[in-house]
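Next, two complexes with chain A in common: one pairs it with chain B, the other with chain C.
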Partner chain A sequence: MSDNTINIDGQTVPFLPGQTIMEAAMAAEVYIPHLCHNPEFTPHGSCKLCTVSVNGRSAAACTMPAAAGQQILNNTEELNANRRALVQMLFVEGNHFCPFCEKSGNCQLQALGYYLGMMDPHYNHFYPARAVDGSHPDVLLDLNRCIMCELCVRASRDVDGKNVFGLTGRGIHTHITVNSPSGRLGDTNLAVSDKAAEVCPVGAIIKKRHGFAVPIGERLYDHKTIREVQTEAHK
Partner chain B sequence: MPDNNTILLAVQTAAARHGNDPANLVQILREVQDALGHIPEEAVDDIARFLDIPRVRVAGVRGFYHFFHDRPHGRYEILFSDNIIEHLQGKPELLQQMCTRLWVEPERMSEDGLVRVGSTSCIGMSDQGPAALVNGVPVTRLNMERVETMVELVQKGVPLSQWPADFFQVEDNLRRADVLLGEPLERGAGVRAAVEKGSDGILAEIDRSGLRGRGGAGFKTAVKWDFCRKAVDTGEECSIVGPKVCDNTAATVRYVVCNADEGEPGTFKDRVLLNSHADLVFEGMTVAARVIGARQGFLYLRGEYRYLFDKLNGILAQRRRDGLLGENILGSGFSFDIVIHLGAGAYICGEESALIESLEGKRGTPRNRPPFPVTHGYLGKPTVVNNVETYALAAKIAAKGGEWFAAIGTAQSTGTKLLSISGDCERPGVYEYPFGVTVRQVLADCGAQDARAVQVGGPSGTIIGEGEFDRRLAFEDLATGGSFMVFNRERDIFEAARNFSSFFAHESCGFCTPCRVGSTLLKKGMDKIASGHGTCADVEELKRIGQLTRAMSHCGLGQTAANPVLQTLDKFWGDYEKRLISKEFEPSFDLDKALAVARRITGRDDAWAHVSAD
Partner chain C sequence: MSEQKKIRVATCSLAGCFGCHMSFLDIDERLLQLLEHIEFDRTPLTDIKHCGPCDVGIIEGGVCNSENVHVLKEFRKNCKVLVAIGACAVNGGIPAVRNNIDLWECFQEVYHYGIGLKNGQIPNDPELPLPFDQVHPIYEVVKVDYFLPGCPPPADAIWKFLTDLLAGKTPKLEYETLHYD
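For the complex of A and B:
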């Protein structure tokens, strides 16, 4: 094996020192399914959709440093079955009703469901009682759809410099909370132009008065798989 | 409700005591709660202002730990330990009795704000349970009589300081001592040796001893210390780069951390070490500090052991007076001090990187690794994290050398191990054995004549049945952090596995999907079987969820959360089988049960008010 390459499903992939497996793969246009990862932000490693097998051991590709000679399995039946189960878990722990969600067609959770061949939620729904916060003039926060990826937390903290969002609670009761004594989004300094207002991969944070600007059927993942969209984006 | 001035004063005092340092947020929250009874929103705002951090961070930390409350939770808070052993010894009945007598529902504060009765994960008293924490202080050996007296004391509003002293008696129950607990070490001998032999000399002895971590994973202590002392602080905040190991530079700040979180259900040996041999533990930490070149150490003490806090601080103070801690130890120019941080009810904070997060005043979420704590630990600096028992042994090895230690135990597991034995045996307590002892021997010694199963190493460890009692306790065979729970022939192993599944679901930190949702699904599946609605299809599902949780979780909690279910399905299938209904599939929705509310409202219970299954 040469010094700075890894092997993903038989393909030799070069990497730069300091890169993660995900970063190396993206640069080589090798798709590893992911949800909490967004190349614009520091890696997080919570959804575990990107789990690959590295020299026989499971690891999250988005946080695992690439190291010379790693033998990586990614697009295998078994890993994809586990990924499908994770997407199903995310579906049942929240309240996701795609047919009447504004994000439908642009939602990464839904797109991954399609990509991974998810035909049903499989597990029993938890039907948790979660809050909807419409107090902000321009942005709606619907925790029913939140998948705890913390992209809004990272965007607000690292890009907007505001810390509007944060996690609280623990275990299955973990949830997003906002930076105001009232707990209402309208009482924070979030602006609709903030990065945090647009980064949500699902429909938990959406801008008001933009509903259905693009009709269903003509949206991002309606004609392309998430694999195609995300590999093209990183070309 | 406290008024705004009271709140402000409480926050100001606590924050000032901790230097207004956000890294001490967990400690500040605890002290504010002590002063106010809970942590109201106004206090969150004040803390955020004093520490100059976003309020959302303060609220996030408050919401993470079980022992922090955002609203009043009763002038008396009585939390029964939910360990399976105490469960089998009558905890549910005692809790019910207390609730009935106090006219309260479990987990809900009484209307008048007097009392809340609830459950909490194992509090480390299963050798003298059933036990409960009353306003954070353990009351042991509960029985109906004791519960009755407690009810009266609560109703009369008697302050805890005036409760009968024997309620709070915690015994060491030391039953078998070997080289660690049986042969006292002269106070200061470890530190003196460290000062004399220096970093290289001590490290060589630790290496020679073969000492491996006693927290469960069994990592070589000498290797860990050596990594840490060679690690150099790069100065940059990097979450991704691999360990950078270069030459030792004196300028790098390093930390020594003692893991006294002891959260694994059924473990209590660290409690005994801290209660009766704390000097030895602090001595070991000082030895580690000398080896890696640290000036600052932390003891992370689980919130449940808070009753030891003052005593331990007293011992630290005495050590400073004796020149064994603080500036210029034994006149050698070497300086090191120790601060005690209290946890606040979170099993996950025993995981070393979550522990470090908690020490930094954050939610106890395990970090991504690499990098590991030895290179990027507390505040991003090289940090050694070891178990209480590991440090106690290190002190002995420093003083007496490594050779004699290596001669005890087995080839790969040298020395002795403390076991916390509880459950169906005549003499529960702490036992010190050379590694390599058989389970059968231990059972004979503790008086467990009728054992059917032993849970070795706690819920995250291994359960074994009678056929495996000749297996040995050692890293080569049955690794253990020390928990040893005995179940006799009358016990239902399914119920044990169900208790453990609830434990993991309750303690999952919630960061990663497979553990957060997987552990909840496992708990729900076990509950379904317990309710008599489980089928073979449900069992197959449990196996699939278990394998996924094991393979994909972020840290050891999720990776072991399915152990109880997967292992008992394999080894104690009969305990499941008798509960399953023969149907292939059974909906988890029970129509008849759903009608219960309607029946209650209408006051009916006749045949027509029920939907029968067939």
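For the complex of A and C:
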């Protein structure tokens, strides 16, 4: 066996030194379900959807460095059941109403629900009271749909150089805050062309006046699974 | 062909819009095919007021008032298999959007301050079921055996779901027919 390979579900996958399991898997077109991870950004490791079994121990594939000879389980019934439970928890923890959400069909949380065969949210709903901020002329912030992946925080800080968003509070009280004296998005220097305005995997950050530009039925995950879409995108 | 006992099916809409029932009717002429295997107990089609012993109960809508709970429990008691159909039964749906609005404020807005209203009155007839402060999906009240999400689920999804169920199989939807919207 070559030194720089790992084994994912019986498939030999090469890796470059310094790559994570997720990066090596993506390069080899092996799909590991993920939500807070976006290959353009530093891994965050918070959603735990990419949890795989590495030599018998659980690890987040997006943060775990690949190391020679790792025996990894990924697409197993048990791991996918755990992932389904995580998606269900994200659904009941926020207010996710797909029927009137503009992100429906393009939403990664929804697409993962479909991919993992989620038929119901299973857990009791929290129905938390969360704010909607429409103060920005071009961007709507709806915290009902936020899953705290921190992608907008990372994009604004690392790409836009603006630090418009931040995460505050702990545990169940964790939430996104807006970095302006009033706490309103309209009082920040966020621009609609910013990376932070387009990186949201769910419908929490929505560009105004683009509603239904692509009709339901012709959207990203309407005919292709998130596995197919993301594997193609990373080719 | 031997005369088989028909599967008895009851359906109802709680805090729903009857959209799922309309989508069910969208199976069109396949309804006749279905009626060779099933018969209806309480449904909006039969006008039977109370659900009797059934094989399958199909519930549309979430739980928003005391009457919903009575109906839901009656269905659970009488149906061997209970199915939640549509977004509202599965997660509360559109009616649950009021969950963070105070019920009294909600009533005032609807009956007193709404556009075009004059001398509005909040209905308080004792015949009316008591509304809850929140709308919840039915599985938070009774055990539900199967879920068919969608707003509404497409007719083809309902057809596939029911034919699987009648064939004694665990219903399985194709990727493109499983939708939460």
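Here is the rule we use: the second predicted complex is superposed on the first by the 235 of 235 C-alpha atoms of A that agree within 3 Å, B and C clash if a C-alpha of one lies under 4 Å from a C-alpha of the other, contacts with A are read in each partner's own complex, and residues count from 1 in each chain.
Operating definition for what follows: a contact is a pair of C-beta atoms (placed from the backbone, for glycine too) under 8 Å apart; a residue touches a chain by one contact, two chains touch by 3 or more.
Everything numeric here is computed off the predicted structure, so don't read it as measured data.
Of the two partner chains, chain C is the only one that A:98 touches; chain B does not reach it. When both complexes are overlaid on chain A, the residue A:39 reaches neither chain B nor chain C. Of the two partner chains placed by the overlay, only chain B lies in contact with A:90; chain C stays clear of it. In the superposition on chain A, A:124 contacts both chain B and chain C. Once the two complexes are laid over each other on the shared chain, residue contacts for A:223 go to chain C alone; chain B is not touched. Set against each other, chain B and chain C differ in how many residues of chain A they touch, and the higher count belongs to B. After overlaying the two complexes on the shared chain, residue contacts for A:113 are found with chain C alone; chain B is out of touch.
Annotation: chain A residues 124 touch chain B in one complex and chain C in the other.
Across the complex, chain C is touched by residues 91, 95-101, 104-105, 110, 113-114, 117, 119-122, 124-125, 127-129, 216, 222-223, 225 of chain A.
Interface of chain C with chain A (complex): residues 84, 87, 90-94, 96-97, 99-100, 134, 136-137, 139-140, 144, 146-149, 151, 175-176, 178-181.
Those residues of chain B whose C-beta lies close enough to touch chain A in the complex are 41-42, 44-45, 54-57, 59-60, 62-66, 239-242, 346, 363, 368, 370, 505-514, 516-521, 524, 544-545, 548, 551-554, 588. Against chain B, the residues of chain A that register as touching in their complex are 18, 20, 42-43, 45-49, 51, 58, 60, 63, 65, 67, 82, 85-86, 89-90, 92-93, 123-124, 126, 147-148, 163-174, 177-181.
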